[in-house]
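Here come two complexes built around chain A, the first alongside chain B, the second alongside chain C.
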Partner chain A sequence: MKERVTYILSRVLELVITLLIVSLLTFAAFSIIPGDTASVLLGINASPAQLEALREKLGLNDPLWYRYLSWLKGAFTGDLGDSTAFGKPVAELIVSRLPVTFGLSFLSLILVLVISYPSAVISSGKPGKFWDQFFSVIGHVSFAIPPFVLSLISILVTSKIFGYFGVGKYVEPSKDFFGYVYCLLLPAFCVAVPKIAMAFKFLRASILTEKNNDYVRTSKSRGLSNIKIMFRHILPNSNVSAITALSIILSDLLGGSLIVEQVFNLPGLGRLLLQAIGRRDFPLISGIVFYLAAMMVIVYFLADILMNLCDPRLRKNGGNI
Partner chain B sequence: MPKKKISPYYIVGGAFLAVIIIACILSLLGVGPSPLKTNSADKLLPPSASHLMGTDNMGRDLFARVLSASKYTLLISVAGVSVALVLGTIAGMLAGYFGGIWDRIIMLLGNSIMCFPGILLALMAVAVWGPSLFNVIWALGLVFAPTFARVYRTEVIKIKERDYILNAKILGVKPLRIIAVHIFPNAFTQIIPAVVIGLANMTLSESAMSYIGLGVQPPKASYGKILSDAQSYISTAPWLIIFPSLMLVIYILGLYFISEGIRGDR
Partner chain C sequence: MIYADYILEVKDLSLDFKSEGDKILNNISFNIRKGEILGLIGNSGCGKSMTALSILGLLPKDARILSGQVVFDKNDLLEKTDRQMREVRGKDIGMIFQEPYTALDPLKTVYKNLEEVLTEHEDLTREVRREMIGKMLERVGFENTGDIMKRYPHELSGGQRQRVLIAGACLLKPKLMIADEPTSSLDTVTSMSILELIKSLCAELRMSVLFISHDLSIVGNFCDRVLVMKKGNIVDSGNAFDLLYNPQNPYTAELLSNSRLDPKQLDLEFNKPSFSSECALKVTDLCAGYTSGNGFRKERKEIIHNLSFKILKGEVVGLIGSSGCGKTTLTRAICGLIRPYSGTVTDTKGKLGVVFQDPIMCLNPAHTVMWHLAEPLRANKIKMSKDELKKAAVDALVSVGLDENILGRHPSQLSGGQRQRVAIAMCLMLNPSLIIADEPLSALDTSSGARILKLLSQINKERGTSILLISHNLRVVRAATTYVLVMDNGNIVEDGPTKNVLSHPKTEVTKKLLLAETTLHMNPDRQQFMTE
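Now for the complex of A and B:
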């Protein structure tokens, strides 16, 4: 018990430090820019007096550490000020775009799980045989297709064969939930495909390693069926090591969603980020980047803790088996 | 000893890579029409003998543009991975060899960089510093550095316990010399698969950045940019999507096959 508490405390400390470094990286990027926000906002024709007034208003004349601390406070209280391009609070803009980006990432995560698990189980059943080779070849190829290229190709194919698949249309979840899922399905699939291959590869390898363990041979000699051994013994053990892999996959899915949104014209965070970049709206860019990264920091933290609860061996050796 | 059979992964992967490298060489030699020359009479022509891959909406020859794009794809992936490799090597060696507080600081920094999903950190860097070939290379290099640092750190920790390192220490060899002369060459062979995969991932990131307009800037051609320009003509001129996609996938797949081959040899 004591072990567990010290472990969790050290992880929490690490979480806080990581969040601080992430915030520092985000903030630093915008403080070392050539030319400051005021001159970007006012353009090249601004008079020095105007520039000075705006700098004062935005707090750009304060010392750097003070600006960082007030930005950090804003970030943690959800108040990052107003977007310079849209004139609305940054937090409000971000929240309004969440259903698209999170919906897309979540849907693609479901697709990854639903497709990679069965194929890995089938594939590892008889390694080297037809189905294993079949899934492995498909895995290699889908690993190599960038999600945005797959999106373009799927738009091309679906528009040629099926006419129209709701490309470019977005339905609010509050209006029509099934319509919402339907319009995100194809984009989610495009985001998921390379990660399905990654999850498949990982699960297949970890199932094959588990199979070599003595307890599997013992269970077999006790007369347990292969299916029972797989679901009762092998899969639960593989799941523990899959937790970390899945958290990394989630991060990639999120990153992929930001790009694929652009191809399918979905009004998500990716589009907002690009608009913000195009109009050099630094409060909004830093807000989006920081919150997404902070979310991943927390996901990795939770994955670590979860894995630890499942596998006590990890606690003794400081996180390594 | 019987001669070892070369894995089919190497053959297929090598053939795929050869396609891109030949395309790059042809582009450097200036073979065929100029990738920049516009011709309003030849807009959106399908593939034919005079335009092998057809033409785009400005009447530019797609074949020439695809050749030219392969040049930038190769350049960015190799240069970006080199940046990442240099940063990652230094960080990973220091963390692995000295351990303790160095290890803690470097790994925390690396983990923090890895927490930014996908290419978000590179996008932010390019947003701030402006999109240019140089900025894309160092931004992606920074994003990929922690991956290499991790591999190096693990290797160095393994190697530094070996007898010959201990002997060198006893003989009074300075730590930097031990790292440079004894550890680095031994760890380097272990990092080669990571480098090959890194090239592929770098290309994936660069093409996505170019697609959303924050990577290679026009008039330079890149697969991502060609594809984003082609999107408006997706139903009328599908060849504008098909050929650049194919080239991009061939390059990445070639790299993956080579890395599979290396893995199989071990």
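Now for the complex of A and C:
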């Protein structure tokens, strides 16, 4: 138990250090690129005096390290500053977009799990045979198709033929939860398709590797059927490696999907980031990047914990094999 | 003992692979009596494992049975459907395999690993299952069974895992147990205890055993009868004692001499170093081990404690000890793969070759033999023209007894013995003053092993290369070395000329190793050792 606690504590410490490094890099990157917030706000015709006054007001004339530290202090108390473009607190802006991004991510993740697992199990049952070929071809196609093409095609198909009315609409979950899910279903599918293909490929490969392991032979010699061996031994073992792939997919999903949000006109994080970059809204950009990094680190952190629970071999030596 | 009748009769069994033309099994017939231990001996690739797998109906998809019958308990197993076969497997026929390290599901506790045998074949309550597993674990030699049941496979040693697997195979008191090389990855002392366990279980449960091995001398005093297989045919059979002491068939005699590694029959010749010659390797007060933990906190686990020894130029030195005594750690420290905590390792010119245990794992499957032979030169930044390189590679291959035309082959196209030769040729490319061979024979069958040993002796004689031969197999050390070091708990406890140490052992470790060896193998020296 003590080992477990020290393990988790050391991982939390790593998490904090990663976030610090990310914030420093974002800050540095946006200080180096030409053109600051003041010049964007005032436009190209602004006089130097006006620019100087605005810079003074926004605190842009303070030394870099001072600006970084004051921003950092704010970040840890939940205050990421005010957006220069929207005039609202950054934290509030990000939080307002989270229902879309979280909803999309969650629905897509469910689709990924529900579709990739069965298809990988069926495929790896008889590698090289019909169903394997079938799923592999579909996998290749869905991996290769560009998201905007897929989005447009699926809008066309669902709304024209099946009469789906969720396109281009968005309902707040607090107002109408089922309406919210309904609106997000099709975008979630479009986001999920390439991820399903990725998860499928990964799972199939890892199941095929596990199948050749000696413990499978042991169970066969004990009279277990192939199906039982699959569910009792092969799948739990391939899960250990699949968790890594799934955590990459999830952290990718949580970053918001620029194109799909754009096509479906959803107020998600991806669009917010696009707008922020266009307007040189530095507090907003660093806020979003900070959020993305935090999500990624947290997802990996959770994946590590999950793997630790799944695989007894990882529990010793503080998580190293 | 009078055997009532046969438990298993194999009649005219023939088998081939769809992709290859040659027959894997060619009309083989044999039978096993009730309560008998039958040994099935042969070199790798002779079809012995295929015989076992065809009895259980677990042949690879590519294999095809051409003719024959496998009559078990009056039923032809080959005619049964897969569903019917599943009822036989694990219940009437139990099987244990070669590699206990990987044969258990790593994610499940010992209890969970064993429980599936019971849930699959019997309808029992949880308490009864627990009790049965506990009893069986106690029977196979575990003391604290409640604790063992909760452990995971990686927390057990190789011998303990093999015991767990045996417990699994015997849980339902099968009529036949098939043991496919159950001891070949275990050290001598552990092997002996595993064999004794199988033998006593066999008597107690009135079980028959089909014991598959490549090592004829191991099976000697373990089996009742022995079959010798060669390229899919049974070439010799008979009472184990007769085969061992008076082999009539020339092939059996050859297997036997390979297994015993008799230096005279093998014609091993070694360079005799003079005592004044300089050291090829000198290890002084070495402490080494593994460091674990993260960047903040480090934990040292010292395995080698204050160890010193030296190897003279041209000398062949053996290093013996049971598994876990620190042999591998010592090799790694000498090669510089781990940094010693203290002490020094000095060699003459810094040229050192290493041959590892498993030739399958240590060659890169993506590259050719030529690439592997050039690797040591690349790593040492030695520039050579293409022609020079090819000439050097061919020279090295010829020295290890391989033909020039395998230069373009990939490791998967080579046999185990050939791969080990390529590994040795890789060492020779740099013309080292010392070769460290870490269990170079243990992944090979006895015939290939004997040839590798012969090769090492030739290299020693012709080039004057010193060799440090690490092994748990005393026969290897006795046959090939002039001086021996005995290791225990990370230190050298005994050393001296091989003959003296092995005939007048001073420490408990050496005595234990010798006893295990003599019990395992019918050894010509046995009488001598016993009287002493």
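Following the convention adopted for this analysis, the second predicted complex is superposed on the first by the 281 of 321 C-alpha atoms of A that agree within 3 Å, B and C clash if a C-alpha of one lies under 4 Å from a C-alpha of the other, contacts with A are read in each partner's own complex, and residues count from 1 in each chain.
Here is the rule we go by: a residue touches a chain if its C-beta (ideal position, glycine included) is under 8 Å from a C-beta of that chain, and two chains touch if they have at least 3 such contacts.
These figures come from a predicted structure and were not determined experimentally.
When chain A is checked against chain B and against chain C, the one touching more of its residues turns out to be B. By the touch criterion defined above, A:His140 lies against chain B but remains apart from chain C after alignment on the C-alpha atoms of chain A.
Once the two complexes are laid over each other on the shared chain, residue contacts for A:Val240 go to chain C alone; chain B is not touched.
In the superposition on chain A, contact of A:Lys129 is made with neither chain B nor chain C.
In the overlay built on the shared chain, the residue A:Lys73 is in contact with neither chain B nor chain C. Using the contact criterion defined above for the overlaid structures, shared-chain residue A:Lys220 touches chain C, although it does not reach chain B. Taken together, the two complexes place no residue of chain A in contact with both chain B and chain C. Here chain A touches chain B in the complex through residues 14, 17-18, 21-22, 25-26, 29-30, 33-34, 140-141, 143-149, 152-153, 155-156, 159-160, 251-252, 254-256, 258-259, 262-263, 273-274, 276-277, 280, 282, 285-286, 289, 292-293, 296-297, 300, going by the rule given at the top. The touching residues of chain B, counted against chain A in their complex, run 108-109, 111-113, 115-121, 123-125, 127-129, 200, 204, 207-208, 211-214, 224, 227, 230-231, 234-235, 238, 241-242, 245, 248-249, 252-253, 256-257, 260.
By the touch rule above, chain A contacts chain C in their complex via residues 10, 213-215, 217-225, 228, 232-233, 236-237, 240, 310-313, 317-318, 320. Chain C meets chain A in the complex at residues 56, 58, 85-91, 94-95, 97, 99, 102-108, 116-117, 120-121, 152, 154, 165, 168-169, 292-294, 296.
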